[in-house]
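Report on the following structure.
The chains carry the letters A, B, C and D, assigned in the order they are written, with residues numbered from 1 in each.
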Amino acid sequence: MIAVLKQNVTEAQLEHLKGWLNGLGLGVHISRGSYQTVVGLVGDTSRVDIDLLQGLDMVESVTRISEPFKSANRKFHPDDTVVTVGQASIGGGHFAMIAGPCSVETPEQIVAVAREVKAAGAGILRGGAFKPRTSPYDFQGLGAEGLTLLRQAKQATGLPIITEIMNQDQLPLFEDVDVIQVGARNMQNFDLLNELGHIRKPVLLKRGLASTMKELLMSAEYIMAGGNEQVILCERGIRTFETYTRNTLDLSAVPKLKELSHLPVVVDPSHATGQARLVEPMALAAVAAGADGLMIEVHNDPAHALCDGPQSLRPEQFAALSAKVQRLREVLA
Amino acid sequence: MIAVLKQNVTEAQLEHLKGWLNGLGLGVHISRGSYQTVVGLVGDTSRVDIDLLQGLDMVESVTRISEPFKSANRKFHPDDTVVTVGQASIGGGHFAMIAGPCSVETPEQIVAVAREVKAAGAGILRGGAFKPRTSPYDFQGLGAEGLTLLRQAKQATGLPIITEIMNQDQLPLFEDVDVIQVGARNMQNFDLLNELGHIRKPVLLKRGLASTMKELLMSAEYIMAGGNEQVILCERGIRTFETYTRNTLDLSAVPKLKELSHLPVVVDPSHATGQARLVEPMALAAVAAGADGLMIEVHNDPAHALCDGPQSLRPEQFAALSAKVQRLREVLA
Amino acid sequence: MIAVLKQNVTEAQLEHLKGWLNGLGLGVHISRGSYQTVVGLVGDTSRVDIDLLQGLDMVESVTRISEPFKSANRKFHPDDTVVTVGQASIGGGHFAMIAGPCSVETPEQIVAVAREVKAAGAGILRGGAFKPRTSPYDFQGLGAEGLTLLRQAKQATGLPIITEIMNQDQLPLFEDVDVIQVGARNMQNFDLLNELGHIRKPVLLKRGLASTMKELLMSAEYIMAGGNEQVILCERGIRTFETYTRNTLDLSAVPKLKELSHLPVVVDPSHATGQARLVEPMALAAVAAGADGLMIEVHNDPAHALCDGPQSLRPEQFAALSAKVQRLREVLA
Amino acid sequence: MIAVLKQNVTEAQLEHLKGWLNGLGLGVHISRGSYQTVVGLVGDTSRVDIDLLQGLDMVESVTRISEPFKSANRKFHPDDTVVTVGQASIGGGHFAMIAGPCSVETPEQIVAVAREVKAAGAGILRGGAFKPRTSPYDFQGLGAEGLTLLRQAKQATGLPIITEIMNQDQLPLFEDVDVIQVGARNMQNFDLLNELGHIRKPVLLKRGLASTMKELLMSAEYIMAGGNEQVILCERGIRTFETYTRNTLDLSAVPKLKELSHLPVVVDPSHATGQARLVEPMALAAVAAGADGLMIEVHNDPAHALCDGPQSLRPEQFAALSAKVQRLREVLA
């Protein structure tokens, strides 16, 4: 961490600052130039509150040169984290297809989709029970009943299930859920993240619409700081000025996150693009970029879905995609 | 709402679509061109789920031409909403200064700051008890104890208080809080918004870092749909590519939101810019743009704050700003 | 094109508007609702100046529902455009590797790199002679001398060459250049685009840092409107809030641009990411997303380059990438 | 400038690097930590090519801690630059109103508008002759004839004139133009900037749609490096995800640019917002934020303009705004 001090800093102020930083267990290097004085901090700076330092009158600017995340940092944990649920493993060379409908609607629908995606190679079933919607007038999901239907699909097919949690009070309902999903809008719901740190169940953490990779890793750090190390990162598109796609899928985040962190990274091309025609090319691109898994919306009758964007694939489209992904992974191996 | 259909749509499909839309109580106008067929929907389209319509196989794209928010819409409620707490009123020509420290720290600190900002013209005291922080290792606020200290400051000065809520379980603690603040990261925490719709207390709703004005108004709509009409909108900077300021304060949101909605709009220049030197010019600019209030961070000893960015003003700087705001408002009236 | 009129529009104004639009050869459909009147325009709206329409007092908003680009539009030209230079073809199922150094430096350097990339499968040699640099104090390229060196490399290897033009006055110098590159910062240099419309040589048009796909296609339209139909679109990353990569490579632009337009699309992963380690995964991802070509920076001695970012591959890294791309394309075919 | 080196750097490499940097006239401080080695450069780093340094194999990342602009930097030139044309001065406490139509159309139009804006207090007349348009099918301005009409308006009223240049070949036509405007799309047209550095006439440089303040100052540096120190910076809105306004006017750029640089800063609220109703509030806000001038679109018959967005004020609206600006400046003084 580097602090640039203002021009008029006195020796006494400098000594005071040095003493305070030494007290935090940090080494301090001072370099006085003609226009500015630069203070370099050496040691574990992940616990230095950067806002506190910037708040000091004598400080002009502060720059971190090492990452503020620790548990999620590959530098301190070089080996890939592997998350295993049911027969599926994600990370460390293992790859999983997560598939299912946007919303759980009826027992027939969810069991039918679960059977079809399993046959096509999916290892985990997804389905929304609690749905965050921008408008209070839009369909908000079946809620607890949706979880019951997911459980039935799990019993019918043996597929582990993943579904989204909206707040920590819902945790008791998620007993039988295999992977808990934190949606993009909740990526910085810190109270929820704290609670998820105290359970021992994988969490799939979606990147926020306007969150940097660093913030995503800091949110993973919240969960890991509580002792839960089974975090799966998920890239699902960021908000930009472009309007021809719903969001801009940031696939460079896949290799970059894997360089910075040992956590597995999956990609959701359905929500990112919002267009069924773009799901296959972006899914294949995600695999080529090194993703550890894909999360794909599949619906058995898109035209009559209660809550369903134009981004769902039909089961036969999913099966074709799944076969291509398989071939792609072989050639890349 | 306008739906553009795909080129190969049959008459039968068109009739089916028309019947379904009529069933929702909407008028339907169809215009067939050589390259596309356009369907116009007339009536209350705020309750049409746009994703549902876009999910239909025959639909190429859907565009809203009227706003999806209703309770917050000035078209249906031409008169300004005025929110009154204590002696302070916000909206409809009334203006309020909200001031106080980033974090509540000690009884002495909060009471001292409260006295100083009151003397300088503030009508509402702000202070953080629960602090959302990007890093799990940074100071997270005093929590419930902070609320107790705020209550003491309220008793000592008579100033109503505003502080941030992090989740709906904390509501019982907020009994004596006069205005509940929803932070930028929680702007789309829909469960929280729903709960706040059921209380009868003003809510200050901060715009999310990457939220459009429409989404801000839709989140206000969540609260208002529950029956709580006392919503104050707050512009606090959006995320852009610029790095010389922490966020980009979008002051054009002030007149635009007031054109679209009858709700009052306040501006927080402290968090937006992240730099004390920029607070005064941006506060004055917000007033000139028509803001109904300002929210300013004031600290009596910035250099020793527990949680405090470099954006806090000292009390004497706040007093000077407050006097300028007063003069500005007179000349603009 | 749909225009929403203000509430208080009179019948006389409406008739006036209708007459004007009919005069432009457009059909007009009018639908009067209780809160707004909607005017639909039918016909070739690509030549309607949307700002002109929006400037009318009676108009609240205008929305295009068909694309404003015509020559570049796949709807009117369903077959893929194929651009052929030397032995290389791009588009319509043909794929080309474009490779070479950021800057041309010496005859030895450029000839050596040209030989190495040709051996590894490149079909076109790239190399910068005129370099747009953010700082006036940074190296600006060899200029005309760089073009001479490129010509030598072309003679030595038979590879066609591509290099960037900075303004239309340089055109005479580009006689022997096979493909003229328009850089991201010049994507909306309309005078340059107009001039390039009058030559008969392929133009590679890079997407601007903050340009939408629509604007990219409109800039292609400038060139095509002049009669030059050999335009290659190039995605090279857009500007977002993310700072861990230099730009955000928008790979969803590849399938989306190919859906909207018949023009070939190539991807430049070197400039987008700014990091050599990310070039291979993003190059492979671009191929999986359907790109018609790749543009890769290759340098024979990155540590001593005059102008060279950390994004260059060494020749052996390029050869390995090229072989992987080949295998990937076979499995995707 | 701080360079963080990779973990495995040898002493020999370090010595080699140090020698090279010393050769550039820079002092070098090296600090070896357990996880990384940090190299601090002291001296005039504005001439260090950051890409070159980042391109070295041993370097992990490079951070500038001092600004790369020099001539434009307030640190080295503490006094405000004042630009004077005709009776108008901009900067150093002087304020000017620049007003006129989007496009010059007829002699009657431009002379009439010039008279009206002069009477209302404008000190400089603006009017577009060469118009950069996104679509090749939209009106592109009267060109050279437009410049002739502007000259007539100047003769008729005595107002100095400002108009936009599109490329350096047009310079001979701009002999009688008092201030040359560089549009947002040309902010990084470096060949144009270089040429403008060699003339002795004020240049108004508009910030690019997606340009940072640093890049704006670097483009000013291009002009100043050529010896032309009369540069006026202009904030005119940046591109963000928000769609309710055309661009997001970044008013915090006003005090921030004035802190970083001695150059005057003017604001163009017309293009930024694209909506006449927002021009007045944002113009007043710009003044309150400390702008040295305003650039306002005024048209005598907006409904019949050839090229005119919905952002133009009528002369009487401009006169009312001008009077408010005057009162505002008095109270802020």
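Everything below uses one rule, namely that contacts are C-beta pairs under 8 Å (C-beta built on N, C-alpha and C of every residue); 3 or more make two chains touch, one makes a residue touch a chain.
Note that the structure is a prediction, hence the values are computed from the model and not measured.
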| item | value |
| --- | --- |
| Distance-maximising chain from chain C - centres being C-alpha averages | B |
| Rounded Å distance, chain B centre to chain C centre (Cα mean) | 39 |
| Interchain centroid distance [CA atoms averaged], chain B/chain D, Å | 31 |
| Residues of chain D whose C-beta touches two or more other chains | 210, 239-241, 243 |
| Arrangement of touching chains [line / ring / star / complete / other] | complete |
| Interface residues, chain D side, partner chain B - complex | 210, 212-214, 238, 240-245, 248-256, 259-260, 272-273, 275, 277-278, 281-282, 284-290, 324, 327-328, 330-332 |
| Chain A residues touching chain D - in the complex, by the definition given at the top | 2, 4, 27, 29, 31, 33, 35-36, 38, 40, 42-43, 61, 63, 65-66, 75, 239-241, 243 |
| Chain D to chain C touching residues, read off their complex | 46-47, 49, 51-52, 54-57, 59, 68, 132-140, 166-169, 185-186, 188-192, 194, 208-210, 215, 218, 221-222, 225, 239, 302-303, 305-310, 312 |
